[in-house]
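In what follows, chain A forms one complex with chain B and a second complex with chain C.
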Partner chain A sequence: MEGEAVIQELIDVLRTLLFPGFLFFVILGLFFEWIDRKFYAKLQNRVGPLYTGPWGLLQPLADFVKLMAKEDIVPEGAIKPIFSSVPVFALALSLFAALFLPVCGPQGIVSFPGDVIVLAVVLTLLVILVFLGGLSPASRYPEVGAERSVLQLLGYEIPLVASILGATAMTVGLGGSLSIEGIVNAQRDWWSILGFQALGFAIFLLAAQAELERVPFDIPEAETEIVAGWTTEYSGKKLALLRLARDVELAFLCGLGATLFLGGPWPGPLVPGLGGAIVSTIIFVIKSIVVLLLLTVIRAAMSRLRIDQMVNFAWKYLVPLSIFQLLLAVVVAPLMIHLLTL
Partner chain B sequence: MGLVDWARLRSPWVLHFNTGACNGCDIEVVAALTPRYDVERFGIRLVGSPRHADILIVTGPVTKQVEKRLKRVYEQMPEPKFVMAVGNCCASSGAFRNCYNVYPGLDNVIPVDVYVMGCPPKPEAIINGVVKLLEKLKKLKGGAS
Partner chain C sequence: MSNIVDVPVGPQHPALKEPLNITCYVDGEQVVGAKLRIGYNHRGIEKAGEYQTFIQNLYIAERICGICGIVHAFDLAQATEHIIGKEIPRRADYLRTIGLELNRIHSHLLWLGVAAHEIGFDTLFMYVWRDREVVMDVIEDFTGNRVTYALVTIGGVRRDLPQEKAEKMLRVMDALEETVKKYKEMCLNEKTIRMRCDGVGVLRKEDAIALCAVGPTIRASGVPFDIRADDPHAAYDEIPFKVVTYDTCDVTARILVRIDETLESINIVREAIKKMPSGPIRARLPRAVPVGEGVGRTEAPRGEVIHYVRSNGTDRPFRWKVRAPTLANLLSIPVMLTSKGDYVVYIADVPITFASIDPCLSCTDRAVKFVDVSSGKSWVWTFSQIKRMYWKDKPCWRERP
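Up next, the complex of A and B:
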């Protein structure tokens, strides 16, 4: 009995470190950055990264290695402990969040009732880290970027959380659940985007774009106005970790979109045994890439908003829409299902 | 060191600094970054912050007024760093030779790795300059600048 428990523990550690865990998501993050850059280039009628590895596949890795080998500067007036720990915490938080995703089965590595709320908290904590990273170097441009990132958070946080919570409405017919596993299993036969969640998916895409600080919401790092925003003072290893954290966050948010609205790994788990895990992983990655391509199209099709335009838009349209969608998903849809089955 | 050299050759990020150019060279530098030439093929990216940059592209005659700022931007860049002088004015003060307020060349202020001549140089010449710089980097090995 003792031996079996040890082996089970070892498998859990390997799962966390290697396959659906850290290593998998680091590689997936770099791969997603490549897809993003390549597809973005395609939309602009160019070819994008080409000579680094086959079709430029290794470009994100080359950027990462180069930055790791560069000089690491800490500005004189910086609050050093905060300045240095922000990149590490950012990467750790994104990887932690990724553990909840159901990559190779209907259940993530970490799964418990209410983990949807934990994910919403982690997404907000990542922005608090941006704020600290912008304030700690005691430099003008990062400070402006930090202020903007928090102001922007006020705009998109409510729609983001509302769209995530709206997705839990799928589980109402099955006794209700606030866990990723419950949401995924509820979509076994019918993906939530096909029903009352289509609006929620659109809101989620916009909010995810803002969370990732990509065009049109790259206001906190607007390079034409405030140098490089909150990342201005970061160089070398710290910048490399920040960029990697951003890539993992990109992979995580695409995966979350696929999980909540596109049915996660279904119908992969129907295949029995080890084949089920492999098929699930492939289906999950393909669905995540679909979400990524949509995000890239938004990035290529739009230009940067001003911070006041963004907050205005968020409070005048996005917040009311998300509340309307939440009502639709939580009240109207179950009522209709109830009436139809009477 | 093999991996680091490999990465450095494939990911040169450039920062563009105007020391008082007539905008001719700046337009050509920006043109070199457009979809027509698509320098992202080689991993070249234009970055906004000197802290992120590997190569400093300087355009225009170096005036006494801009000297302090130029040195400061250069010092803010992390090692290993390289400098490219684009245009006749930057390399040898060009039409402004012997002016009381202009240095005879960029190398009087900061060390320069590559000169690209022309008034203004074509985008092809600027990309060629970056390639020459990478060849120089290849010979250095180990990344000492």
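Up next, the complex of A and C:
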């Protein structure tokens, strides 16, 4: 009995560390960065990464290793404990969030009722980290970047949370639940995006783009305006970790989009046994890549907005739309389902 | 108002490819004032010119600017021919015009890409630069070089344009016209571009005139000022073209002026090829230039370029002075970057506003200011004062009567 418990414990640890936990998401993050760069390049009539590994697949890894080997400079006036810990926390938080995703089954490694709320909190915490990372080096460009990131958060946080909550409406017919598992299981036969959630998905895409600080919302790290924004003073290992954190966050948000709106790993879990896990994983990754490609298209098709324009846009259109879709999802959809089943 | 921070943009900054310092006084995200500082890139080209012959100087002049190189060579040749006072063959005038206009097309397309990059629209940047390669190929076909053409020489041009090359050039111009029209559509209709450029970097007509802006910058403020039309040189007197102006005075107007000018340039190239007379392409002029002063001016892609040359009767210039258009346009930058009443400038507008004059600092930096480092005092010396103090014992520089 005791032996079994130990083995179970060991499996859990391995699941967390290797698959579908940290290592999987680090690799997935690097892979997604490659897809993003390659597809972005294709859209721009370029070739993108080409030389490192087959089709340049290893380029993100090579960049990471190179940055790890570079000199790590800490500015003199920086608040050193905060400055140094931000990259670590950013990576840790992104990886933590990724544990909730249902990669190889309808359930993530961590799953409990209400974990959707935790994810929303983690997404906000990541921005708080950006703010700290921008303020701690006591330098002008990062400071401007930090201010912008918080202003931007004011714009997209409500739509992001509303679109995530809207996805939970799918579970209403099944007794209601605020957990990822509940949302995933509710989409077994009918993906949310096919119903009232299409609008929610669009809002989620825009908000995710803002969370990831990509064009048109790359305002906090706008290269031509404020050098590298809040990351300006980071170098060497810290920058490598920040970039890796960004990659993992990218993979996480794509995965979250796939989970909430595209039915997560379904219909993978229908296959029995180990095959189910493998098929689920493949389906989950493919769906995430679809979300990623959509994000990349947005990135390629627009120019950067100004911070005031971004906040204006968010409060004029995104917030009302997201509240509308929340109403649609929580009130109208269940009503219609109720009427149809009568 | 108490919380004003100065944010330095440059001399090293990703938005600026060349060294220049703009200190922006920033209140939150708003720019309340700006101060310029140039002088990081003084290369001593004018001085170097005094040691070389006129012919050699053409090639130095070409290297004043990597983008509008032919303009400087053309201006210097024009100034030298002005001193000598001989006409050059008409065909050479036409070939020079074609060179100048091809140069303008490539420069304006290059600028459009840079502007797109400044507002974070990298896709447009990549596409425009891809299509600009077409013009670069035509230029290479015509002159033998992509960047420094070495086309102009004193008394004419160095390469002729044979019939088959001219026909090829016309075909390329047709294709290019389509592309440029497509980009115009895109710039007019793409929402995010308009959001970033409309009402940004406003330079009112009065300010533009008062600050002596030149080129597309002043034409986008509604002033039809173009040296090609105002003081026709080369073959511009025989080729009809429109001076493009817009009167919204903002960055969008500058984008549209440049795109429309590209279309005009394509037409000028076509006209020039059609009307080009046959005949020699070069007149043999004396190596030693007689005593005198000459001025060459033309409309570079960025605005009016003036070269002043003074000869003391040898084969080397006694003094050579270059005024690049960026120097004239720089003065309007602080005006564009100062919030005033309803007109609000954000930090995000700084790069595109600055880029909208198409700055080229390596062309510009030739001003020298005398500063006593210990006391911080600065002053100006006149030409004759410098001569009196330092040139007494240098007979080679002495001016002949």
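Keep this in mind: the second predicted complex is superposed on the first by the 342 of 342 C-alpha atoms of A that agree within 3 Å, B and C clash if a C-alpha of one lies under 4 Å from a C-alpha of the other, contacts with A are read in each partner's own complex, and residues count from 1 in each chain.
Throughout what follows, a residue touches a chain if its C-beta (ideal position, glycine included) is under 8 Å from a C-beta of that chain, and two chains touch if they have at least 3 such contacts.
Quantities reported herein were computed from a predicted structural model and do not represent experimental measurements.
By the touch criterion defined above, A:215 reaches chain C but does not reach chain B.
In the superposition on chain A, contact is made by A:46 with both chain B and chain C. Of the two partner chains, chain B is the only one that A:62 touches; chain C does not reach it. By the touch criterion stated above, A:239 is placed in contact with chain B alone, chain C being left untouched. Look at A:308: by the touch rule set out above, it reaches chain C but stays clear of chain B. Of the two partner chains, neither chain B nor chain C is touched by A:12. 44-46, 141, 223-224, 227-228 are the residues of chain A that lie in the contact sets of both chain B and chain C, per the superposition on chain A. Remark: chain B residues 3-4, 6-8, 10-11, 35, 38, 40-43, 47-49, 51-52, 54, 76, 78-80, 143 touch chain A in the complex. Touching chain C in their complex are the following residues of chain A: 43-46, 140-141, 144, 147-148, 215-216, 218-219, 222-228, 300-309. The touching residues of chain A, counted against chain B in their complex, run 37, 41, 44-52, 56, 58-59, 61-66, 69-73, 141, 223-224, 227-228, 231-236, 239. The part of chain C that touches chain A in the complex is made up of residues 5, 7-8, 13-15, 26, 28-29, 116-124, 126-127, 130, 190, 192-193, 195-196, 346-351.
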